[in-house]
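First chain written, first letter: the chains are A, B, C, D, E and F, and each begins at residue 1.
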Amino acid sequence: MQSSASLTISDLWIERGGNDLCKGLSFSIHPGEAWRVLGGNGTGKTSLLKVIAGISMPLEGEIFYLGQNVTSDRSPLQQEMVYLGHLMGVKSALTVEENLRWYCPERSLEELHNVAKDLGLFPFLASLVKTLSAGQQRRVALARLWLSKKTLWLLDEPFASLDVEGGVMLEVCIQQHLTSGGLVLLSTHQSLSSIIPHDVVLQP
Amino acid sequence: MSWLWFHKLGSPKWFFFWSKSWALPVFCIGCFGLVVGLVWGLAFAPEDYQQGNSFRIIYIHVPVAMLAQSCYLAMGVAGLIFLVWQMKIAPMFIKAIAPIGAVMALMAMVSGAIWGKPTWGTWWVWDARLTSVLVLFLLFMGVIALQNALEDITLANKAAAIMSVVGLINLPIIKYSVVLWNTLHQGPTFTITKKPEMPAEMWLPLLIAVVGLYCLVAGLLLWRIQSEIILREHRSNWVKQEVMGNGL
Amino acid sequence: MAFDSFADFLAMGRHGVYVWSAYGGCALVLLLLIWQTLSMRNKARDTVRKRFLRDQAR
Amino acid sequence: MYEFLVLWRRKQDVFNALLFFIIVVILFPLGVSAEPAFLAQAASGIIWCGVVLSILISIDHMFKEDYQDGSLEQWIVSGLSLPLLMLLKVMANWVVIILPLLIMMPLLSEMLFMPNTSFWALVLTLLVGTPGLFLIGVMGAALTVSVRQGTMLVMLLILPLYLPVLIFATSAVQAAQSGLPYSGFLAMLLALSLMSLVVSPFMTAMAIKASVSG
Amino acid sequence: MYEFLVLWRRKQDVFNALLFFIIVVILFPLGVSAEPAFLAQAASGIIWCGVVLSILISIDHMFKEDYQDGSLEQWIVSGLSLPLLMLLKVMANWVVIILPLLIMMPLLSEMLFMPNTSFWALVLTLLVGTPGLFLIGVMGAALTVSVRQGTMLVMLLILPLYLPVLIFATSAVQAAQSGLPYSGFLAMLLALSLMSLVVSPFMTAMAIKASVSG
Amino acid sequence: MQSSASLTISDLWIERGGNDLCKGLSFSIHPGEAWRVLGGNGTGKTSLLKVIAGISMPLEGEIFYLGQNVTSDRSPLQQEMVYLGHLMGVKSALTVEENLRWYCPERSLEELHNVAKDLGLFPFLASLVKTLSAGQQRRVALARLWLSKKTLWLLDEPFASLDVEGGVMLEVCIQQHLTSGGLVLLSTHQSLSSIIPHDVVLQP
């Protein structure tokens, strides 16, 4: 089972502030699959994604990537992963263009500009991020997905504060990523247009 | 040599039961030693020909000053052990010993200051020993403040360990630098290589008081670690049994 | 015995105030530390006991 | 490095660090005594105290914003070597804050009636000693990054560790002032800086990781 | 007032403010000179400089958090009198920071070998002068609240305004030290504090409004 | 017209960073009505709400409340208004209970606890807000709505990071507020279950 799956979570036990959030959680994500983490507020979606990203540590359990145990050493995973949390890692004191160049130094300026055009950020390339609206800031963070060549996407409520058009764009982008063999794990409260067949459901 | 004892020591449960039988006896021995040393020093030791009777402060001053330094040493070592081996008991040790160390440093300063008034004519001078005890006190306070400010327990553990290790590395440097900068304070009485210059009736009670205080503090330390263990391991079964019984 | 009388012992030459205040201060602090340690232990036991009883009740 | 870019965007702040330093240096003559003889004696001490305080104040902010906007998470996730990143960040900050300060030095030493004999000693101690201050400082900043309003806490943690640097530096300048050789003190400063260069990046990376995962 | 509650939650910080102050006071003997004669002369200046620096540092944070979590917006919207709120906030901060400091004063004056003659003058100047420092300080803090990393900017704005207070205060203490009457200086300090009491709440409220709506 | 409406916006012209966001915008909200501000990311929903709340100033135009011109002096409006922005004004260094008491000092502790129970916050009353999940923090902010007796609610994307259950609760709450004669103006990207018949649409 582990061999065909790219990312395997086995028997994960996460605890925050003295409460168990999940215990004995196991699932595998195969190439081309998107999984959705479902659960009410405070059930531990964010915590799960953070543990997989290697930001916090699980109490017990293992994580395998391409058959390799990466629980204690995440470096093989990290090089092929994008993590987008509630906090988006966008520098509000820099302009949009500077932010994109900071995250994707290997991409040419033209590519950056094209992505910015797609996301409706082109007129704001030279504005400081802190003067943008909430949705526009989210779009700046999403531009990283457009630009990245990483395989595994960990997205924590990526649709938050996006408008309808932006949401559709993100769904299309995820679809494309999947057809090219990518892996997606995202948490959301919104009902998506059925692009995601697999769910991890967290109980309160 | 087997490393078993080391791993055992790292297990809170084992440590708890081990320390339970040791804490009280050690504490009582400590109290006894301290009282004997102090009474001997205060009432029976001969008067110092230069300083008169004010020198009798030495019997409390030197023990607490030594304890303050030893406590930091122990705390730093515990921090190192935690960072290298992730031993579970180490952060509890740090949490338990930091306040004790701070109190010891404070007592060293207070007793020293009171001693300074009759001998040097001021409560305080900016001298190497004194300044380094002050710095020691601040280092202890830093560790305590850090632990209080961080609500997340794993973070607090790591942070306190890092801080104590960094302080440990810096302590000899601080000492050396302040000695170089300004020295007025008396040199050490006890050294490993030389016999003390004082008469035996003077240094023997001091030695007893020092050993007594060490034991007393060790007893306190064990108790404090026990309460830390109870609080942190409250979900394990043995703690429940322990707490519901009347063993404590 | 280094002193002739108890009064002498209290006076400590001219340095009675200093010696006794140093010892008194230190004794006070040391007793406080001991008291705090013991009360901390009791408090820890009580909180854990209470938590356990509450969990049992639920 | 984009670190420089972020700093450049905040060039106002750099400028401010400089001005804060100048203000501290002004505060003392006004608050304590403005007699040239007094100042000449105290000058190097005042300047060093000013430097220590400016570094303390600017260092506290070093990771705050990165923490709040989630950049620290991204660094950890990125798989780049965290100690190396820390080192680069410290370097960028050092260059941006200390270099302008060194440029200001002749002016300030003039204002405080500092003797010429010790001027170069002062500049040398600053060059050799301040990297150590920065490296020690980031450890404290990393430890307290998750504490809001941690400025004071950082200072409490770091200042005891700054004392040796301060003492060696002022001793060096005083030795120079009285015509004695001061290379021994400089060597000590250098040793301190080198030691913190070895220890600090790792400790900082560890502290950052612990802070973010908490 | 819940302001106290928030501060109480951060009692750690209060404690830290105190420790920072102590550390500044330690820094000077170590960095400049440790001779009792020198220190006795400089003591009041050092203490006042320490107070000014602690206030500067703690004041900068006063509105930062409220700004970042949106509380300032809520205050403006609430319809409560903004100047009054500001005044309460300043008072709460003053009590919490200056009171412990005054309690520490005997200890510190001893450590700096301060003559007894000037001790009470120092305490009086602190009591009368520091409210002014706080009131002036909040104006700067309010102006720069929307600037991240505004510490330096606040200092730059505020410090020139602090200089008169500092000068009057140290003059008062020096007058006391040489046995002269110093009530004139105290009156000046009081006047400064009262003046800022009149001006500051309104200016601060205006600055807050401008910062938030920007 | 102005007399029957409680809140009237007339000919509003808002400008941010040199761009016009809306010009000549007019609408009136009558008691028992909810209006929705619609528009893509960056069209000025947040800016509009902030102007009405009195946090920023319009370039031109007037705002009437109960027939009274409140454009320059908002005090009559402010006493009857709750504003909930992207930033929620929740103090993360305080516990949940302390936050609620801070905002609603006039309510009894029992009322606070009841509301906390309704919102699923009861087990977290003594936790610091900064340790809560995104949705739980939003719920703390929403508790203010439950507890307030104000008439006019200005809500900027109140459904953000709420789970489905939380969203339904909020809708019910808005419905109740409307039947008791309240006024609601909210911005959202989500399609609500038709409780809101009136839209202000902002063009990019």
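Some observations on this one:
We take it that a contact is a pair of C-beta atoms (placed from the backbone, for glycine too) under 8 Å apart; a residue touches a chain by one contact, two chains touch by 3 or more.
Molecules present, by chain and UniProt name: A, F = Cytochrome c biogenesis heme-transporting ATPase CcmA; B = Heme exporter protein C; C = Heme exporter protein D; D, E = Heme exporter protein B.
Because the structure is a prediction, the values reported are computed rather than measured.
Ranking every chain by how far its Cα centroid lies from the centroid of chain A, the top place goes to C.
Judged by contacting C-beta pairs, the busier of the interfaces B-E and B-D is B-D. Distance between chain E and chain F, defined via averaged C-alpha coordinates, is recorded as 38 Å. Centres computed as Cα averages put chain C at a distance of 57 Å from chain F. In terms of their C-alpha centroids, the spacing between chain B and chain C amounts to 16 Å. The set of chain B residues that touch two or more partner chains comprises 131, 138, 141, 145, 149, 181.
Multi-chain contact residues of chain A (touching two or more other chains) are listed as 86, 92-93. In chain D, the residues touching two or more other chains are 10, 65, 68, 148, 153, 156, 159, 163, 167, 213-214.
Of all the residues in chain B, the ones that touch chain E in their complex are 122-126, 131, 134, 138, 141, 145, 148-149, 181-182.
Chain D meets chain B in the complex at residues 136, 139, 143-144, 146-147, 150, 153, 156-157, 159-161, 163-164, 167-168, 171, 188, 192, 195, 199, 203, 206-207, 210-211, 213-214. Chain A makes touch with chain F in their complex at residues 16-17, 39-42, 44-46, 86, 120, 124, 127, 131-136, 138-139, 157, 160-167, 189-190. On the chain D side of its complex with chain E, the touching residues are 10, 12-13, 16-17, 19-20, 23-24, 27-28, 30-33, 41-42, 45-46, 48-49, 52-53, 57-58, 61, 64-65, 68, 148-149, 151-153, 155-156, 159, 163, 166-167, 170.
Residues of chain E that touch chain B in their complex: 12, 15-16, 19, 23, 26, 29-30, 34, 36, 39, 110-111, 113.
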